[in-house]
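What follows is chain A paired twice: with chain B in the first complex and chain C in the second.
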Partner chain A sequence: MTCAQQPVPGRRWQKVLYERQPFPDNYVDQRFLEELRKNVHARQYRYQAVVFQSGAVVQQLCSVCVFVLTWWYMDAGMLSPQGLFGAALVSSLLGYVLFDAVDGGAGRWASGRTRWADLKSTLVFAAFTYGFSPVLKTLTESISTDTIYAMSALMLLGHLIFFDYGANAAIVSSTLSLNMAIFASVCLASRLPRALHAFVMVTFAMQIFALWPMLQKKLKAQTPRCYVGVTVLFALAALAGLATVSSVGAVLFASLLLAISCLCPYCLIRLQLLKDNIHGPWDEAEIKEDLSRFLM
Partner chain B sequence: MEGGGPEAHSVCMVSDFFYPNMGGVESHVYQLSQCLIERGHKVLVVTHAYGHRKGVRYLTNGLKVYYLPLKVMYNQSTATTLFHSLPLLRYIFVRERVTIVHAHSSFSAMAHDALFHAKTMGLRTVFTDHSLFGFADVSSVLTNKLLTVSLCDTNHIICVSYTSKENTVLRAALDPRIVSVIPNAVDPTDFTPDPSRRDDSTITIVVVSRLVYRKGIDLLSGIIPELCQKYPEIHFIVGGEGPKRIILEEVRERYQLHDRVRLLGGLEHQDVRNVLVQGHIFLNTSLTEAFCMAIVEAASCGLQVVSTRVGGIPEVLPENLIILCEPSVKSLCDGLEKAISQLRSGTLPSPETVHNEVKTFYTWRNVAERTEKVYDRVADEVVLPMKERLDRLMTHCGPVTGCIFAFFAVLNFLLLAFLRWMTPDSIIDVAIDATGPKGAWTKQCLFGKKRRVKEELPNS
Partner chain C sequence: MPDLGWSDGLCLSVYHHQRPFQDWEKGFTGKLQASLEFPSNSADHQEPPECAYGCWLSLMSLLKWLGLVFLNMPSSPLWWLWSAQIFLVFTHHPQVEFLCLLAGVCPCRVTAMVLKVFFPSCCSSADSGILIGRWISEQNSVVILAVVHFPFIPVQVKQYLGEVQRVTKVSVSVLGSWSNSKQEKEESLSEFLEDLGTIFCHEPWIQISKEGDSKFWSCSILQKHSKNPQEEEIILVYYDQRKVMLSHLHPPLDTAGQRAEDASKLSAIFGTVARSQVLFMTDRYNEGPIKLTHWQSDGVEASIIVELLKQASVPACMLLTFLLSLLSGICRSRVLKFWPLSFLWSKLSTCEQLGHRLQHLQVISSSKKAQNQNQLMRKANIFVSLLIDVVLGILLMSWLYRKNRIGHLADTLVPVADHVAEELQDLLQWLMGAPAGLKMNRALDQVLGRFFLYHIHLWISYIHLLSPFIEMILWYVGLSACLGLTVALCILSDIIALLTFHIYCFYVYGARLYCLKIYGLSSLWRLFRGKKWNVLRQRVDSCSYDLDQLFIGTLLFTILLFLLPTTALYYLVFTLLRLLVVIVQGLIHLLVDLIDSLPLYSLILRLCRSYRLAAGVKFRVLEQQDGKPLRLLMQINPLSYRGVVQTYRLPTYSCYPRDSWASLCKKLFLGELIYPWKHKGDKQN
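Coming up: the complex of A and B.
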């Protein structure tokens, strides 16, 4: 053990166990750790690309903001349900036309869904919501308003957390996200003055939380420039609306949006440089094939 | 320890994993202990109680085993508080006059506890790591940190393969020169070939492993239908039990292979050889493996081995005895087809030749000899005094963890001082040596009394 580190001349060390080699057991060869690989799966991001992708988060935050603002105006009696319903109907029709126009009807052809089916589900949904709106109205009467507000805030936060922003993560669940948003809208709608208000509020929630993200996704895939424009306009609209209610809130919200779209991408790219991931032959191998075909 | 010449050590093996539990670590501890006893050292094993098996027991050749009454938490590993085991372990270390504490397996909480206490008591420490670990997820980040703490002031570390050494050095941020590579061994007399047990009208592929994800059983579920459809004479024998058994059963059901795929369920260690000798080809589909005893056992029985190229497996057998494949169904099928064509053309060496080659590779005597060298080296080293140990912890393990564990080390030291005040070392009875230079058992054997396996509680 005294000559621990001197390699024996004329004999090369081999990385094998079955042969007795004239080296001490704690011998460290030059080839030690030669198979070490660093940052194999690390990706280099471009700032612009990350900012573009952060648009999805900005959009969703603005959707929540617009939704709460609309409720606020309705609650304060500054917005009539008929007016909101009309505006929402017009914008939905516009969006519906746009949805097919953006990709030239390719998506509709691929899904094989007819316009009649669309109309049917719309009518069914509207009829049911209208029929049940008196129930929605009285549903939460026995619950205190503070609880309702807390619950709505929690649900909207959950909606933002679980929303499908395009990342492939285990936490993402668009169904849960949509359900939480609708639950929040039902909670808030029950605090409005009349059943008609509740009906309009829930349909509006459907439009802004279910239909609007679908259109956005399509816009993002087909016409990225247009998408950026829409995002900026939408964010400005939300900010302007918020400014009419609370100027401090508007400033805070604006700084939040800026932080998400400018500061966070910058941090991500800076932190990426510090990434130090090590890989080597000791890693557990990954099964890359789809093995379920053998069981089908 | 007086220098010069072969000296006898008093070694205490500590691990949560020991008989009656079965596995690689268990047999490693047992076989190594037996060979060290044969070489004249005093060896005892400390583990936790297994059911009714508690207290002190003697195994073959006077190997003394302490089954300590500590609570098992998860997967046969005890819970750790870092402190609760000190009174018991101190008592054992003192009454057995232990000089070297040899802990086994990074999954064993008791092993880490024993290292911690041994350092507090000023004993030499050796640690054997039996497994590989990744770096990617949160759980491995945390366990690697704990390993860094546990190993930063351990005298010497033993790994079972070069890949395992690289892994351990990286995980615990160690100096590679205090890490030795001493492979596992297989008793070649337990794994002898017997070609008469084979059915040569068919080709039998044997798989012996626990049926869990890490052993690549999902890959096996793809290989079985692929090959069975291509070669009507192929049969599979699968030995082992585990949560993935269900998918093998599904595959067997789906492709109507009940007569060609036999699932034997859990095997006792002594039955493994009887299963192996029925086959022509041994298949190992592990996704990660530090050493892989199974392929050595199979090769020792004269089978052609086909295995995935993961972890330490490429180091274990020479190229003419193993076909290495990538961990995918296609690559493994290609490897198996190559083995099948070699088998048909008769270019494979006979089982006897393979056995004779393999039996020279890994023996427990060799392992014990090399481990003894590590003990000799460690015995000449100094154990870090308290101040230097705290320095090492704080500089080596990061500012936060280092300080926390340095604090724990101080607490442990105070607890030890308290215990020494309560029951001074001088009033702890010294146990009669069963093994070692003055071993009562060894002498009995020398005087020609018959060997026997005695299980009794000592009244020393």
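Coming up: the complex of A and C.
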């Protein structure tokens, strides 16, 4: 090691392990930091794009809000099940037509799904829900209403957390999110006065939690302008509905929507400037606390 | 028993089965369980060692106790070695030196060969003569079987020995001389005895002489051909010939692999004595050319009744065998093998028990001779257990059929069944309300409750339909008690099973429903999370479901989840009822198994003739004198009762499943049916 203390001028240092070199083990020369890179994967966001993308969250929040509002109206007797069923039917037929019209049938052709399969699925939904609606009606009779509310709230929150907003994360599970929404809708439907109410409520939940996001996704991909309009309209409708029940709630909800669609993107872009991420040809040092030392 | 003049001396037990002592040249290396007790009245030991010994004893017992309780130490021979060495530091007592000699601790004392002479204690008062027996060279020991008295003709003795050797397959030979002089020692006799050694050439030639009433015998060994005649130490071991002959050493060494080792084991001595049984069976009044002294059996005359029984048993056994073959032929006939019947037979414990007893009878009546001690004991155990079973059964029957007890029983049976049904109805009414404040699904609760109530109604009408015939049925069924108490108990168990059939039905309905829910919920929970069970890889995989699948799955999941508590409560209540019935039946079967499997003959033998089942031997040091050979008394350690039961336990058919508690709990939780009888599939496990 004595010769390794002062580098031999004739030889250059190489970053290899298979040769014996006259340098200490931790020796590096000045070329080492030449390969340093900063913020390689950091992306530059534009404010408008972020606001546009946050539309998915706003939409889902509004969906939950609309669903709860509908249930509220039905529980209070302000909305007849027949009326809701008719409205839902009309809107889903419209949506169905729109779904194929937006991309000119390209998506349907790609998935290979026939109209007969759609009809079958619809029939299965309707038959099962109608058949089970008396059971659903009496299902939670003996369980306390507060328990049901707590469970539904929890499930809807879970639905919002696990929903697929387009991000590629491990927590996203559209199946779990949809199942939680159905569970919540069944719980809430069992509180309604009659079996027909329960049936209509579950059907509506299916439409708003399963079919509506599919249409939204297609709209977002094909006609972004239209999507923004629909989102704004939907949010305004939800706010208006909420205002009839509780004005404080409406204000709070409006501020929440604004925060999500305007404030959060702004924060993201501001914080993005502070990002300082270095990359280089080295292994990152992991500091592992030797806990066993303290346990002794 | 002749007076050998022992006082309680050093007591050593050698457990044959725990550690075979193979190397007798160095003494016993077996586990020595020494309760160190020295005679306090011995004349020849000094005062100080006794004092030291007292301290030592208390210390020793304390250490031993500590070792036993905390460290479990005494199982290691090192422990004893160590304790013996410590003892040597304390004192130099001759008997302690003996202990060390036996334990092989002090090798300087063991340079000379130790010759062990096993002497039958019944011969200690015999007249002078020559000793015959077997020389076991591997152990350097001599087993003396008998004393041949003067006068005799050497040729006749040799002839006689040859004959004995041929019959018994034991190499019996003349080993030495025995002189029992009442008066002073005669010079001429001792010379004559030495001369005998030249006639019957045996190496070594042992001379034992007893003088007057002296307790201490003098022994000497003559080795004429040996190059370096060395001082041999002799240990005289007295044994009871009759007990050693009759005793059976445990564990039995029948396997061929152990035969080579046999010679160096204690069993060689036991085997020698047991095999020369023919020698002792000669009649007392049968005057032959040779006069012998040994343990004398009473001869054939004494056991004339036994002989008569033996003769009579042969035709009886043949008749029994014929009847049994006829019976088993009927049982095996094809008519009884059709599906519903065979199913019924396998579920009725009475049939199982009868089949078991039939096998027992076949074993007893088989004309094949028992090959070894174990089979003999098995036969005897089966016979005694059968006998006691039948006697108990007949006692039960005589009690039952007196004073019209059957009628009373039948009269109480129907009200009891009614009462049980009423109790069940009350229970169901309670469950249909809000049991214990639990909130159950009202609609499902009502449906289940009404279903079960209707079932009870059916059951009661069935019982009332049957009630006129119950007394008659009981009367005929009671007759079967003469086949044995176990059969009667099995019938009782079957009757309980039949009378609680409604409880069983409830249990099955409840369990099936609960099982369905549990399995449904577990698979739907996977669907709820977007996973599925991969059968090929035996793991949970993620899976993308269709929308309608998801919807229906979640709908069912919700419904099942909210209905689970109701079903679980019904299941719990009926399972508890079912368990109660199963426990009662299990207790009855435990009793039956106890009667079936208890080796009663062996236990009686252990109680009355404890030497017959030997687990090992212990040696007791008799009084000691300087210059005379060490004298030990060999006593037989009987087998413990637990050992007897373990060795001779009869196999039973076990008709109840041997589930572990964990698997039972798992089954109960998952709602799988638990049966009191064994599945066909479970037998492989």
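A few remarks follow.
FYI, the second predicted complex is superposed on the first by the 250 of 296 C-alpha atoms of A that agree within 3 Å, B and C clash if a C-alpha of one lies under 4 Å from a C-alpha of the other, contacts with A are read in each partner's own complex, and residues count from 1 in each chain.
Quick note on the criterion: contacts are C-beta pairs under 8 Å (C-beta built on N, C-alpha and C of every residue); 3 or more make two chains touch, one makes a residue touch a chain.
This is a predicted model, so every value here is computed, not measured.
With both structures placed on the common chain, the touch criterion links A:V28 to chain B but leaves chain C unconnected. Touch criterion met: A:S121 reaches chain C, while chain B stays clear of it. By the document's definition of touching, neither partner reaches A:R12: not chain B, not chain C.
Judged by the touch definition given at the top, the superposed model places A:R270 against neither chain B nor chain C. In the superposition on chain A, A:K288 contacts chain B only, with no contact to chain C. Once the two complexes are overlaid on the shared chain, A:R225 sits clear of chain B and of chain C alike.
By the touch criterion defined above, A:R43 reaches neither chain B nor chain C.
The touching residues of chain C, when paired with chain A in their complex, are 439-443, 527-530, 544-548, 550-555, 557-559, 562-563.
Looking at the complex, you find that chain B touches chain A at residues 132-136, 156, 161-164, 166-167, 169-170, 176-183, 214, 216, 218-219, 221-222, 225-226, 247, 250-251, 254, 287-288, 291, 308, 310-312, 314-318, 327-330, 361-362, 370, 373-374, 376-377. The residues of chain A lying in touch with chain B in their complex are 1, 4-5, 15-19, 24-26, 28, 32-33, 35-36, 277-289, 291, 294-295.
The residues of chain A lying in touch with chain C in their complex are 121, 124-125, 128-129, 132, 135-136, 138-143, 173, 175-176, 178-179, 182-183, 186-187, 202, 206, 210.
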